[in-house]
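Two complexes follow with subunit A in common, the first pairing it with subunit B and the second with subunit C.
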Partner chain A sequence: MALLEVRDLSVTYSPRDSAAVRAVDRVSFEVHDGEFVGLLGESGCGKSTLGNAVLRLLDRPAAITGGTIRFDGQDVTTTPEDDLRSLRWVDLSTVFQSSMNSLNPVITVRRQFADTFEAHSDALGNDLDVDARATELLEMVSLDRSVLSRFPHELSGGMKQRVALALALALEPRFVLLDEPTTGLDVVVQRDILDRLRVLQARLGFAVLFISHDLGTVMELADRVMVMYAGEIVEDQPAAEMVTRHLHPYSAGLLGSYADPRDQVVEVEFIPGRPPDLSQPHAGCLFQPRCPVAVDACRTVHPELLPASLGQVRCLLVEQSGDARVVLEKAAELRRRDQVFAAGLSERADAEPVLVVDGVSKVYKTRRGLNTTLTQAVDDVSFALRPGQVTALVGQSGSGKTTIARILTGVERPTAGSVRFKDEPVDHLGRGALRKYRRHVQLVFQDPFSALNPTRTVAYALSRPLRNHLGLTGAEARARAAELLETVGLSPADQYLDKLPHQLSGGQRQRVVIARALAPEPEVVVADEPISMLDVSIRAEIIALLDQLVRDRGIAMLYITHDLLSARLLADEVMVLNQGVMVERGPTLDVIAEAKDPYTRKLLAAIPRPGARDIA
Partner chain B sequence: MTTTPETIDTEALRVTALDADASSRLPGWFVILWRNGKCRVGMLMLAAFIVIAVLAPVIAPYGPRLDEFGASEGPSAAHWLGTTARGEDVFSQLIYGARTSLIVGLVAGVLSTLIAMAVGLTAGYLRGVVDEVLSFFINLGLVVPVLPLMIVLAGYAPVKGLGLIIIVITVTGWAYGARIKRAQIITLRTRDYITAAKFAGDSTARIIAFEIVPNMISLIVVGFMGAALGAIGAEAGLAFLGLGDPQTVSWGTMLNQASLGGALTTGQWAWLVAPGLALALLITSFTLMNFGIDALSNPHLRED
Partner chain C sequence: MLYFVRRAGFFLATLWAAVTLNFLIPRLQPGDPAQAMLNRLQGETTAVNPAQLEAIRKLLGTPDGNLLSQYWDYLGAICTGHFGVSYSYFPYTVTAMISSALPWTLILVGVTQMLSFAIGTLLGAWAAYRRNSRVDSVITLGSTFVGTLPFFWLALLLIFVFAITLNWFPDGGGYGGGSSPSWTWLFVSDAFQHSVLPAVALLITGPIGWIIGMRNNMVQTLGEDYARLARAKGLPRRRIALTYGARIAILPNVTGFAIALGSLLGGTVLVETIFNYPGLGRLLLEAVSNKDYPLMQALFLFTTIGVLTANFLADVTYGFLDPRVRRAEAV
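Now for the complex of A and B:
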């Protein structure tokens, strides 16, 4: 008997103002004791909903509308909330992406542990030495015991997420649900936490359901991987099998977004389109509109999840053909035509630089009571940006990347050194001059969810720079805004102009953000981690868009990132920053292939390599 | 469960409201409030008070200061709640009293919300020295004991009247709202979309008016409701203490005159109880509406 048995589980959101959404549709799976199962899929495929349903954490308007959940033989589908409480945390616990923000801000970490122990004293007994046990737990997640006396706001995001993990493990649960537990953290920190997690899991033997859109990581950690699309499981295979012999076209598409940035030629694929609207009924295969190998029958026949290879697959082609791999290879060929973004060896043309940064330093003074501390954020950095070229700036959080971006864009003034835009010094501009300068230098932000005002339409967002910098108004501005949307691939533009940001997906929002940056026809664009918050499967699309815009419009781009793969795909030149000092720079492939700086090496090591665990 | 105004996710709220907007012809915030049962009762009660206040001359059988009846009479068919010691109709005073309470609530609520917005937004957006100076005044406004200050101001002012009461209440009541709005704008001003607006060339005034304030609507409504409620209570309290204008007909002055006029000794319970009850009902309607406002800010409390 499996530890967790889910049979035909359906979950429906029935909001009052709109049509019901079948977020999870007749899903069945099992998780065995000590098993590490990955659950993959793009945002909105129903992964979180499924995870929450399994723990019975669903809130209105979501409700389980069919099927059963058994935990350790006991049916928990309709167990009353009060009885669940004793089960949760003791036997089942969870870490979400937002767990780090749900630590109680007014009590110390020690108190959080003490409260958890106290709430479950029946499971632990009363004479527990809180400090000793908490220290032990913190050590498990590589945190020092000094953390015990600190408040959550005194800890970094990564540390808070480790505390959340330690708390989740405090009562030695048998099953842990991890829903994107490291999304949003620094890549190196992510790597640390996940490696630690895998070691702990092997030692303590709890079962894990690991939800993520980052397939590389999942493949590397999990024993078995389930791929979810539009509320259904479409493939379920052992991890090693999934890497090399996946069968479903969707799995193939997801896997295509990985590559080793050290290769001479790097190619990534993407799956165009978005998951279907689940409030509408669909005949046939839900993946059909995006599937490169769909046949006629796919439009009318809905495939079942059937045994194939070492697991299960939901695809008509796999059902029909003896050797589905042949089909998939053909699919890969087809995709390569238009859905691949490749970086080869780029030859650098030496155009005249538009922006020159010369010996720039920045010292921040922070005053805490009577003490003034000086922080050297940037130390004697020089470089130039050239039209039609991308310069990547790589470095750890806190290494000064954003400070450089702020100095370039005139938000911050350098303590020493100079910044020149077409031979005009721009490091000490007054208000009016700054506004004029910004016509030429624009920003693309990291978080597409906070870069657009949630209460303003797309048309409004685009009309402001058009009006202020180019003097366009009314119908003229609207027409130009529509053109811009077409440029960034939001077409037909009329469909998007009057939408509010929350009606768009993350990738679409980021396209709007890019369109807004392009509006005043800038010569320089600073993109601060523009893809790190996006689904892995659409990152390549945005990279391809940025690349095309840079080359077509002769924009000089500073591309700030943690992600060496995207740097490799996009940038002509890479600079590595460490504690404000530029430690490495050169043509992208040279820097990446022969990384010398320890941080660059760490970044390389943090890139997931699906299947690596089996090879090692 | 109540949400402290500091933690309201005002942006999400505004978006929900915009969504609800699209699905009906009524404003979105209204739809959400209306769906909450308690809030609906509160809104209906308040609406009733407003109707009574507007139609006072129609509803009230006599003028509120008409003193040609027998003094200190008990309830009768002609005078449902009896008459005052000076021979006025208590029921008519009660009806006209609703006007005073609502006007004070509205005007003092609007004034203190405006001051709170001006001070809070300026301090929170500009930060630096401006913030330090304004924060000093906000804190001053918060620590000064409000009741004694009100009494002193109202007691020593050379003129009496509703205007004075409104000014006193506004002067003493803006600070709390200002603090909350300052805190909110400090979190909103660091949003990327504010930086984006700067890069789009928008001026500071425009950024505040078009990017920030729309995301604070709910907070402003909450602040207004709180200020209005405080003002209604304060007016009644001051008038009851005899610090109001005795010529104004309000529930507070009614209570004051009832106790001075010996309502207790003559056994005129209705004269004493009616204004207190009316006040309690009005306050209850605000409290009930607050449930809806909590629901606005916390999606889990929404009646979907």
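Now for the complex of A and C:
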């Protein structure tokens, strides 16, 4: 008998002011004692909803509308809250998606442990030494006992996440649900936490349901992987099987977005389009509009989840052909036509640089009371940006990447050294000249959600730079805005011009931000981690767009990131920054394949390699 | 700790600024402000006696006097409670007038404010605890409805029903006509009788804001991840509601409450006028309508000090309740 048994579970959101959404649709699966199961899918596919339903934590307007959940043989689908309490945390615990906010802000870490123990004193006995046990738990996640007397806001994101993990293990549960437990953390920190998790799971033997949109990690950690799309499970296979012989076109699409940046030729794929609107009924396969191998029947017949290979798959083609390999090959071939982005070895001729940074240093003075501390943010850095080429700037948070970006755009003046744009010394420009200069150097930010004013339409966002820098107004500006949208792949543009940011997906928003940066026809673009907030499945799409723009328009780009795979795909040259000093630099493949700097090596190690566990 | 020292320093600095402004503003007028005021007074009445002149001089200064020594005298007068003689209640001093009115207001409005806050917070928390239930609807809709009624209308309705029609309570005043304030049982019970209707009026409208504020804050905090995690941890419902809901939701209300207490004087004018109650609010109204400048100035100074003190207390309590501000500011 399985530890967790979910049968035909459906969850519906019925908001008061809009149509009901069937976020989870007749989902069935099992998790066995000690098993590590991954649940994969883009955002909005219903993963968190399913997780909350399993934990019986759904709140209005969500409700379970069908099916059963059994834990250890006991049906808990409708068990009243008071009876669930003895099960909670003792047997089932969890780490939430955003643990940034899952600790009570007004009580210390010690109290958060203590009230967990108090709530289960019947199971634990009253004479438990809270401090000793909490210390032991914190040590398991590599935290010091001094954390106990701190408040959540005094901890970094990574520390909070460790505390959340330690809390989840406090009562030695049999099942832990992890909902994107490391999303939003620095890659190296993510890596540390996940390694820790794997060790602990092996040692303590709890079962895990690990939810993520980051399939590299899932593949690497899990024994079995389930892929969820639009509220349904579409494939369920052992992890090794999923890596090498996945059957569903959606799984293939997700897996395609990973590659090893050290390979001679790196290819990533993406799945164009977005998941369907679940408040509408759909006949046929839900993936059909995005499926590269769809046949006619897919439009009318809804496939069932049927046994295939070592697991189960929901796809008509697999159902019909029986031989899954054929389907896969066909899919791969079709995808390659237009949904692959590859970085090869092509060398580009060196053009004259547009922007030259020569021996730039920046020292920040911070005054606290009478003491003045000097921080060397950037130390003697030199490089040049050339038209049609991308230079990646890689480094840990705090290594000075953003300071360099600010110096390039003239927001900050260097303490020493010079920045030249063509013949102009950027570090000596007056206010008026600086405004003119900014037209040529545009920024694309990390967070597409806060970069756009939520109350203004896309057309307005684009019209601003068109008016300020090019003097275009009215119909002329609108026509140009439409052109820009087409350039960034938002086509037909008429559909997007009058939309507000919240009506767009994350990827679409980032495209609008890019269009806005292109509006004044800049010669230099500084992109500060433009894809780190996006779903893995659409990152490749944005990279492909940036690449195309750079080549077609002869833009010189500085690409700031800590994702080496995207650097490899996009950049001609990589620079690695460590505490303000440039420690490594050279053609992308050389730097990545033979990384010497410890931070670069750490970053490389942090890139998930699906299936690496089998090889190791 | 640093947080509290800082707050105290800030409080003393603003207090000093307020007191000094109170001193400077009348003196910034051109000419001799005391003479100007005397002229105004003499236009309306016949006699201005020397004591009044002296009081006004002290308050407003002489045109040729040394500003610094005047300032010194003024500070001394404030510290010892010498605000001069009231013009409209001559020969009573301003201090005497204020100290006889103060207890009435403190007891009536102070007590009802605190009760309102307690009742409002409790009802709001209860509504949030039972959100989307019938209890919640009754509390939320009820308080929204009561909130739309004008205060004076409610007060007059109470007087009409309970004082005039049923004759259960007196229709106004602080105590019966024959008696005079003293600590006798008779007087106290009489005063209590008189305070019932204004207190009820205040207690009907007072909690509304706290109810709605508390409910909305707490519904929000209970929806936060930490409250959901507490549920997942199997904490008892009540524990979650207190430590993960009410404890955090009450924070903004605490500041609001301290500020409301500080600006108590403004709110009392209406109720004391309607119920003809002998407190500070009515005193202020009379001071204004009689152009009793010494009294007005003292009352304004009191109000300012009240608001500042309340803000200071709010900051201090907030610092105790919310570790985030305490440490964030200490950096």
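Some points to look at:
One rule holds for everything that comes next: the second predicted complex is superposed on the first by the 600 of 616 C-alpha atoms of A that agree within 3 Å, B and C clash if a C-alpha of one lies under 4 Å from a C-alpha of the other, contacts with A are read in each partner's own complex, and residues count from 1 in each chain.
What we mean here is this: contacts are C-beta pairs under 8 Å (C-beta built on N, C-alpha and C of every residue); 3 or more make two chains touch, one makes a residue touch a chain.
Worth saying up front: this structure is predicted, and the values here are computed from it rather than measured.
Within the superposed three-chain model, A:L500 lies in touch with subunit B and out of touch with subunit C [touch as defined at top]. Contacts of A:H153 after superposition: subunit C is touched, whereas subunit B is not reached. Legend: residue contacts after superposition of the two complexes on their common chain; A:R88 is shown touching subunit C, with no touch to subunit B.
Within the superposed three-chain model, A:H428 lies out of touch with both subunit B and subunit C [touch as defined at top].
Legend: residue contacts after superposition of the two complexes on their common chain; A:K596 is shown touching neither subunit B nor subunit C. After overlaying the two complexes on the shared chain, residue contacts for A:R60 are found with subunit B and with subunit C alike. With both structures placed on the common chain, the touch criterion links A:P465 to subunit B but leaves subunit C unconnected.
Shared-chain residue A:S450: touches subunit B; no touch with subunit C. Note: residues 59-60 of subunit A belong to the subunit B contact set and to the subunit C contact set alike, using the contact criterion stated above. Note for the complex: subunit A touches subunit C at residues 55, 57, 59-60, 81-82, 84-90, 92-94, 96, 98-99, 101-108, 115-116, 119-120, 151, 153-154, 164, 167.
Touching subunit A in their complex are the following residues of subunit C: 132, 223-226, 228-237, 239, 243-244, 247-248, 251, 321-324, 327-328. Of all the residues in subunit A, the ones that touch subunit B in their complex are 15-18, 59-61, 409, 411, 435, 438-439, 442-443, 445-447, 450-456, 461, 464-465, 468-469, 500, 502, 513, 516-517, 519-520. By the touch criterion given at the top, residues 11-12, 14-15, 18-20, 23, 35, 191-193, 195-202, 210-211, 214-215, 300, 304 of subunit B touch subunit A in their complex.
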